[in-house]
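Presented sequentially are two complexes of chain A, the first with chain B as partner and the second with chain C.
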Partner chain A sequence: MNFENILEIPPYSLNKEDKEKLLNDRLIKLTKFHKENCPEYSRILDSIDFKVDSIKSYKDLPFLPVRLFKELELKSVDKSEIVKTMTSSGTTGQAVSKIFLDRTTSSNQQKAMVKIVSSFTGSSRMPMIIIDCPSVVKNRMMFSARGAGILGFSMFGSKKIYALDDDMKLDVDAMRDFLLKYKGQKILLFGFTFMIWQHFYKELIRLEKEGVKFDLSNGIMIHGGGWKKLVNEAVSPEEFHQRLNNVCGLDSIHDYYGMVEQTGCIYMQCECGHLHASIFSDIITRRPIDFSECDFNEKGIIQVLSTIPESYPGHSLITEDEGIILGEDDCPCGRKGKYFKITGRMKNAELRGCSDTYAAKFK
Partner chain B sequence: MIHMQQNLNKEVFDKITFLTGDAECLKMLSQIPAKQPFDESVVNFLNDLSKNIMSNVSSRAYSDVITFAFWIRKASVLKIKEKYNFNDKNLRLGRGAAFHIAPSNVPVNFAYSLVSGLITGNSNVVRIPSKDFMQTKIIVDSINKTLLKYENLRPYIVLVRYERDKGINDALSYICDTRIVWGGDATIAEIRKSELPARSTEILFSDRYSLAIINSDKYMELTNKERFAEDFYNDTYFTDQNACTSPRMVVWIGDSKEKAKNLFWANLHNLISKKYTFQPIQSIDKLVNSYLSAIAFSNSRIENSDDNLIVRVRVSDLSENVMELMQNSGFFFEYDCDDIMDLRNVCNDKRCQTVGLLGDSKDIIPLIEAGIKGVDRIVPIGKTMDFNLIWDGYDLFAQLTRIINISC
Partner chain C sequence: MTNLEKYNKTFTETLGISEDELQGLEYQGISQWDSVGHMGLVSAIEDEFDIMMDTDDIIDFSSYEKGKEILKKYDVEL
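On to the complex of A and B.
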């Protein structure tokens, strides 16, 4: 099965058995492909004496730590084929992941994303408000996770505006004009969870006190990027939803889980508040002690598998996030596949030792 | 003198917490007379301190505290003294005031540093780690209790805590005759921003790594292999395999390598499963480095294991220094060695510190004699953490004393 065939299947339509068949076929093929085309990947498989022909399930495939992409430049195609290099968003001084995309992988990322997102938003494009500043996407050669997210979701917008200026100030007039112009239409809002909270929600609250109120009850909001920065604000996902609803009437709010290392096959949050794996990807939770597979409802390290990556060996990765798989094929929302929640990022190890690197980190 | 007063001002004192001694003691630290090494009152003080620590019930839970208390007993200190029995007319005195910066993550290290300063005749100000280790509290409390009987030694011991602060480092560096910096490269770089007076000396403990060499035939002869696992555990997992002395690599010599390996790792695994507190992220940390190693070192193999407690990467070529990719928390490079000179690259590195050994040191001597830059200690496995005045390639006795050369 190649990727074109997968694209023809509705993204949440396969049950466990059929999806496993699909994933086994595609992921084992990808493993062979990367083994042949990425020397580093090949060395890893050799070092653990991994024989791809002897495995029966994609669950037995090795997984690369996402951190590896921060240390090394891993590709399975010739340099001349690379059309895009994506980087993770890291604070200054922190290493960033580098992901190399050729035309096929880049295009498949887009196609998968269209399938996934449009199954939530409907297939027609909508007027779109991007809750970020325009400068994030200016440099097209190097895509940061934020820029890539915005560009990825921009496909779903017919007319677009950036709600924030480059000083991260909400452009109230532009918002008002935009909403007036597209009154009565469904509006797509997209942004990063923390940005939405800090520069959009808080500003709406301030404006409300001044008597300015926006009605976004016709909107659908998609946001991602994680909750880490919101920990200090002590905002839970439920509260995030509730408070946004109170201030501007938004009700259709979807978080998503995704990472630059596997762009395209994002995990969207359904109406029941669960993140869902589409047919393009799967999620496995693993026990730290031995990497064995967790049971449902047991917290573990998140492994992500994607049918997309051809230009880099990123089809099976272990993240540093922890989460819980809540079930499979039986979410009340009706979507098939595994559904789960993320519980957070793994804590750095606290180590004894003579060298004060620990303290230095917090300087 | 005037400078000193300007530096050690109220602003500095306000930022310092005194655990032992006070601002007055600190002001006078560089003024009080140095003592001769192994001064009788110091030796007696340490013996009483040892008793006080031993009699404290809470000490029992901490093997590191007990080991320290054992080391400072009179009998033990006098044994050290014997090694420094010079047969000459020269006199020796402590250098004066010693300023110690203890590492933040080894609870009892400050005490060893302090005692080294004391028995060599110095007055001491020690910066204690800010983390609240129970071990630190036990020792500090015992010092304060013991000092009640040794008022004459009070000026010689000042224990302080302060947040990283260049102003305080400046002031303490200015008054000291010797500065002793633990905590590795990062701390050294920070402390070096504070100038030392021209005549003052410095002892620096930089980032180091260590390895173990096990003679497989000797291992097979051991009657108590569980005990050996225990020893190895204390060298490694006890400090998250992250002390400078913790072996990061196990080198096998002799003719029973495979048999010895199987038994050794199985015994160790048994022990770790019972004793070690595993942190989830360690599984990822170790996976990252094992894959990085697989890529960087040709023909390396990640040994099969049932779980993530012990991760072993077998390397077959040491032409590159594999230690560049060392990890902690139970991550070992492993090497089958038939020619000790294979270790040249790993050991010809200033960072290479301790060889924990099961076997005969003469097997290793040719390597040292080749003129390598690393390896400062060769000690039995189980003893890599044992403190000694010869440490890290320094003779602390020599570094902390001054010789008055008398030739008439």
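On to the complex of A and C.
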């Protein structure tokens, strides 16, 4: 099965058995492909004595730690084929991941994302408010996670505005004009969780005190990037939703989980508050002690698998996030596949322990 | 201005290139036509012909020639 075939299947339509068949086929093929085309990846598989031909389930495939993309430049196509390099966000001085995309992988990322997101927003494009500043997509050679997210979601916008200026101040007049112009239409709002809280929500609260109020009850908000930075503010996802609803009437709010190492395969939050795996990807939670698979409702380290990556060996990765798989195929929202929640990030000490365990596996 | 002239103008103005570079031009073929340039080009075409492209067509719009084919779906004859 190639990726074109997978794209024809509605993204939340397969039950466990059919999805496993699809993933086994595609992910084992990708493993073979990367072994043949990425020398570093091949060496890693050799070092753990991994024989891809003896594998029956995608669950037994090796997983690379996401940090490896900070240390190695991993690609499975010739340098001349690379059209885009994406980087993870990192604070200054920190090493960043580098993900190399060729035309096929880049286009498949967009196609998968369109399938996933339109199953939540509908297929028509909407006027869109990007809750960020325009300069974030200016450095075109190196895409940050933020820039890549904005560009990816821009496809769903018809007319677009950036709500913040380059000093991260809310452009109140531009917002007002935009909302007036598209009054009565469904509006898409997109941004990163922390940015929305810091530069949008807080400003709306301040404006409310001055008697300025925006009505976004027609809006659908998609936000991602994680809750890490909001820990200090002690804001829970439920409270985030509730408070935004109070200040501007926004009710359709969807968080998503995703990472630059597997762009395209995002995990959208449904109406019941659960993050969902689409047919393009899967998640497995693992016990830190021996990397065995957790049961449902048991907290573990998250492994992500994606059917997309062809230009770099990123189809099976172990993240630094912890989560809990809540169930499979039976979310009340009707979508098939696993649904889960993120509980946090592994602490550094644990991480070190974890990479030691991982390194030990490689010996 | 004919539709073809308008179409060409969206490319030359958005991507900052000259008309003789248009034949055979592909998405990701030049540095200006990257994913940022692509969204700019789509908006320019939509404004010029007063249409709204489907997301699938935005993704399929992979070359100068392909764009002409796509525009036919929106009743824009070049």
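Following the convention adopted for this analysis, the second predicted complex is superposed on the first by the 349 of 363 C-alpha atoms of A that agree within 3 Å, B and C clash if a C-alpha of one lies under 4 Å from a C-alpha of the other, contacts with A are read in each partner's own complex, and residues count from 1 in each chain.
What we mean here is this: contacts are C-beta pairs under 8 Å (C-beta built on N, C-alpha and C of every residue); 3 or more make two chains touch, one makes a residue touch a chain.
As the structure is a computational prediction, the values presented were derived from the model and not from experiment.
A.B. asks: Which partner, once the models are overlaid, touches more of chain A's residues, chain C or chain B?
C.D. replies: If we count touched residues of chain A for both partners, the winner is B.
A.B. asks: Looking at A:V83, would you say it contacts chain B, chain C, both, or neither? Reply first, second, both or neither.
C.D. replies: In the superposition, A:V83 contacts chain C only.
A.B. asks: Which partner chains sit in contact with A:K111 here, chain B, chain C, both or neither? Use first/second/both/neither.
C.D. replies: second
A.B. asks: Quick check for you: in the superposed arrangement, does A:I48 touch first (chain B), second (chain C), both or neither?
C.D. replies: first
A.B. asks: Is A:C333 in contact with chain B, with chain C, with both, or with neither (first, second, both, neither)?
C.D. replies: neither
A.B. asks: Touching A:F156 in the superposition: chain B (first), chain C (second), both, neither?
C.D. replies: second
A.B. asks: Determine where on chain A the residues touched by chain B overlap those touched by chain C, and list them.
C.D. replies: The overlap between the chain B and chain C interfaces on chain A is empty, containing no residue.
A.B. asks: Contact residues on chain C for chain A in the complex?
C.D. replies: Touch list, chain C to chain A: 27-28, 31, 34-37, 39, 43, 46, 52, 54-56, 58-59, 62.
A.B. asks: In their complex, what parts of chain A are in touch with chain B?
C.D. replies: The contact residues of chain A facing chain B are 40, 43-44, 46-49, 64-65, 67-68, 71-72, 288-291, 301, 318, 320, 322, 346-360, 363.
A.B. asks: Where on chain B is chain A touching in the complex?
C.D. replies: Against chain A, chain B makes touches at 103-106, 109, 164, 182-187, 205, 207-208, 239-240, 242-246, 278-285, 287-288, 290-295, 298, 300-302, 304, 306-309, 313, 328-329.
A.B. asks: So in the complex, which bits of chain A are touching chain C?
C.D. replies: For this pair, the touching residues of chain A are 83-84, 103, 106-107, 110-111, 114, 118, 123, 125, 137, 140, 143, 151, 154-156, 158, 160.
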